[in-house]
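Order as written gives the chain letters A, B, C and D; numbering starts at 1 within each chain.
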Amino acid sequence: MTGITLAEIMTVTAARALKNTDVCFVGIGLPSEACNLARLTHAPEITLIYESGTIGTKPNVLPLSIGDGELCETAVANVSVPEMFRYWLQGGRITVGFLSAAQLDRFGNINTTVIGDYHNPKTRLPGGGGAPEIATSCGEIFITLKHSKRAFVDQLDFFTSIGHGDGPGHRGRLGITTKGPTRLVTDLCVMLPNPDSCEFEVVSLHPGVTREQVIEATGWPLSFAKNVIETAAPTAIELDALRDLKQRTTEAHAAA
Amino acid sequence: MAKIMELATAIRENVNDGDLLVMEGFTHLIPHAAAHEVIRQGYKDLTLSRMTPDLIYDQLIGMGRVKKMIFSYAGNPGVGLLLRFRDAVENQWPRALEIEEHSHAAMANAYEAGAAGLPCAVFRGYRGAGLTEVNPNIKSIECPFTGEKLAAVPALNADVTIIHAQRANKNGDVLLEGIIGVQKEAVLGAKRAVVTVEEIVDDFGDISPNAVVLPSWTINAVVVIAGGAHPSYAHGYYSRDNGFYKDWDRISRDRDVFLEWMDENVVKSGPQAFEVHVKKGPAK
Amino acid sequence: MAKIMELATAIRENVNDGDLLVMEGFTHLIPHAAAHEVIRQGYKDLTLSRMTPDLIYDQLIGMGRVKKMIFSYAGNPGVGLLLRFRDAVENQWPRALEIEEHSHAAMANAYEAGAAGLPCAVFRGYRGAGLTEVNPNIKSIECPFTGEKLAAVPALNADVTIIHAQRANKNGDVLLEGIIGVQKEAVLGAKRAVVTVEEIVDDFGDISPNAVVLPSWTINAVVVIAGGAHPSYAHGYYSRDNGFYKDWDRISRDRDVFLEWMDENVVKSGPQAFEVHVKKGPAK
Amino acid sequence: MTGITLAEIMTVTAARALKNTDVCFVGIGLPSEACNLARLTHAPEITLIYESGTIGTKPNVLPLSIGDGELCETAVANVSVPEMFRYWLQGGRITVGFLSAAQLDRFGNINTTVIGDYHNPKTRLPGGGGAPEIATSCGEIFITLKHSKRAFVDQLDFFTSIGHGDGPGHRGRLGITTKGPTRLVTDLCVMLPNPDSCEFEVVSLHPGVTREQVIEATGWPLSFAKNVIETAAPTAIELDALRDLKQRTTEAHAAA
């Protein structure tokens, strides 16, 4: 298998975190790619849910928006958006929420709202959408986004949705009973929250990536686990499935 | 009882300056043609509400018609940011825009409470979220049985809700299918409701007894506009025009390009311009 | 993931003494066959909840299996009173029955809150109603925006919910059609769920995208019992046996007649006895 | 038209109170009969709603239960019961709630719960069902039931749902903004609440009925309006429609 990109490793590695029995609330973009790859490889029976109300959807190509027609056509059930947020998300039926972010801090707190001051922003981003309650109602949260100093920041400009807050016990003090972020997959490495500090630390580096590369792309003083391993390279099956999926997607969106 | 009428009449009879106007649609069935008529008729100082404001709200904002927007995700779905919205928030162009920002869960619950005739929605939300510090319309309430603190937001009740649906029957009952979003709640919670549809049929035929039907008497006006959701889509009629959503990023990036596009495609156009989009055939 | 299994196994694996058991159905799709199996297996000290308890709850009460009942209307629909229920409340026969009585609105909201994972339901209700004085589970809450006093009741979350539906597919997803009552909420709010169906099909075919489908992973067991709702009905399969509801008034009037009927038709019978009721053909 | 019964006059008179534009929440039994008769005569476009979730239903025969299959098959829309009570009843969309009762007092308060003490009842009745919120959420309430001293009582054994409470202003003090009972049709007479006292008083006597008959069948000291008129007799059209409806119903329920 030649020419494997870090982006491909990221998606494959993120996909591997999902189990066949998971019920996954899927964010658009990178999470959607990883979730559908999981479904097309090792987790064929995974239940994918998009906040547009589509439950158990099996799109043949990646949706451009969160409400593309194919999500509805291939779903087990389509429900209204109030029902989605009340019975399915708040009802505690989702095992994994899969999110991305504009800014992320070491505790897995996320900003997708503004860069700069909220009332006088430098850049007004789209906002949190479903994230504030996805972050607290799903059994656990996986995050995937590309490594960069702009994204991996020491201090968030805005606190769109909570990860581990300011560290151990913060979620509990807010009455939150779910785990929060348990895994972060970037295009350079995999990070897990340290059990004592709740700070994300590097547990595996993608093939060919150095510690220095990751440190350089991270805006906070980075920790590494005691034993940092190399991320297992994508298999031919995973890579084929991903490339086919992206090829189909490109063709479909060009034709539309 | 819904009256079947022309778009211009339906908008004129139901929209006023300063209204809280809701044009909902979760990617699917967004009422583009009706929004363009609202722009053509020149209403001002509108408060817009929508979970996922996209192109039509960007257009209304860019044309200076909007005083305030209530929302939970203001992006161009699958493409990026909403550039006219950004320009209004960051640079107050063409005017300052007041915002009331919520999470999806809060807005979905607020529409639900509006349809249910309640003054507020109660849900488990906003824990650890920064919006609680910038939005005074997020409060809390205590469960009288468990003592759990729950979030509360005011119910959302529009002055007028405008939606697009697949079809109406001759009686003016309206059928929605597919991704239905919060449209039912937005209509039932509104003082007045206008529905544009792809077509009017004699009757709905052999539909599911549990199909989503809004009875005629919950609606003020029904208007036929084939293709009226374009570049959004109508399940069973035509697909989403992803290309246009990508184009919008370019069109909306520059104020002059935007104004020129609006003049040509909205101000000097009409609902009949939407028909062409149906000819692509039904969504597969 | 729902397992497709025999009725006796499904009940044995999911029902326990002392459970809060919900067998819902608003006249339509009442799980008679499953209730009879619950009786045969001898569970005791059950708490039953249902908006409209009718014959199956009358039977469980008359057999002495019920400690408490939560309800809003305990009648024989279209016929009159529930005589075994009356005998338990008025004469403590065959044992005393604790009751928690609500209005329909309260129970519908309580099931909704249960499905929504909330500790309580908030609604505008019970104003001037006498139940507020005899049911300590009716409290109130104040809207933090308007100060309006609203009613609150605890969410309803069953230990096990049992419902009847038209059909499942091979994957164990379940389709309900017609008058759907609070069954979806009762299932989603329960710890465990058992669904009896008229038939299992390969797939549901060309159903509405908005049909009421409970995904397999929300259900523990699916059981095929043709005719399993009789004398209630299954929309599209067979009609309500109004004659039996009238007969029940006679059967249930006398303790001995009741016990004899139960022995012959429930205790010494089995789910296969329900098949005969389908042969009348589909409801018109 | 020969052999008109008082029961027929009651149903026809109750039906006349409904308008073509009404959205009516229909109780089973006498209300259902009156509402469907209105639909089959002067109010063909009336919207009938049963609490089972059937909206705009047009049954050809009277349902035995509130959830008969025909109600669903002929409805404009069928919704879940939580939606029925939240969006349609509590949402304020119902113009008229049409109720019956086991016991009724002079203020239109209703008991359908118990005869005797609640905790140790002489007769345990079915209970209120939807009545407590129908009584407060519908624009106004029509009541129909047969006159008898057992039903028209001086003091209710239980206060299932509120009418005018203890008189003027009571509803308002409870935060209720709807009108409450505005019309009562029995098999002897029509009664309206007195504008000052809120007590039901007789405004018309059915053909052939005397004041003494009504007084005798009423358990409270009965008032009569200044001008008591005779209830207009059923027309041939009304009577034919009612008799046809009841005939069809009898045949259908016998066949089932």
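The rule we apply is simple: a residue touches a chain if its C-beta (ideal position, glycine included) is under 8 Å from a C-beta of that chain, and two chains touch if they have at least 3 such contacts.
Just so you know, these numbers come straight off a predicted model, no measurement behind them.
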item	value
Fewest hops from subunit B to subunit D - one hop per pair of touching chains	1
Chain pair showing more contacts of the two, A-C and A-B	A-B
CA centroid of subunit B to CA centroid of subunit C, Å	39
Averaged-CA centre spacing for the pair subunit B and subunit A, given as whole angstrom	28
Where subunit A and subunit D are represented by their mean Cα positions, the distance between them in whole Å	57
Two or more partner chains touched - positions in subunit B	112, 116-118, 123-124, 148, 178, 180, 184-185, 209-212, 235
Sites on subunit A at which at least two other chains make contact	72, 78, 86, 90, 137
Touch-based graph of the chains, sorted into line, ring, star, complete or other	other
Listing of all chain pairs that touch each other, if any do	A-B, A-C, B-C, B-D, C-D
For the subunit C and subunit B complex, residues of the former touching the latter	116-120, 122-124, 137, 139-146, 148, 150, 152, 154, 176-178, 180, 207-212, 235
Subunit B residues within the subunit D interface of the complex	1, 112, 115-118, 173, 184-185, 188-189, 209-218
Subunit D to subunit C touching residues, read off their complex	28, 51-54, 63-69, 71-72, 78, 80-82, 84-86, 89-90, 113, 118-119, 121-133, 135-137, 158-162, 165, 170-171, 174-176, 253, 256
Of all residues in subunit A, those that touch subunit C in their complex	21, 23, 45, 47, 55-56, 72-73, 75-79, 86-87, 90-93, 137
Parts of subunit C lying in touch with subunit D, wherever the complex brings them together	26-28, 51-52, 71-75, 77-79, 81-82, 85-86, 89-90, 101, 103-105, 108-109, 111-112, 123-131, 134, 148-149, 178-182, 184-185, 233, 235, 239-243, 245, 283
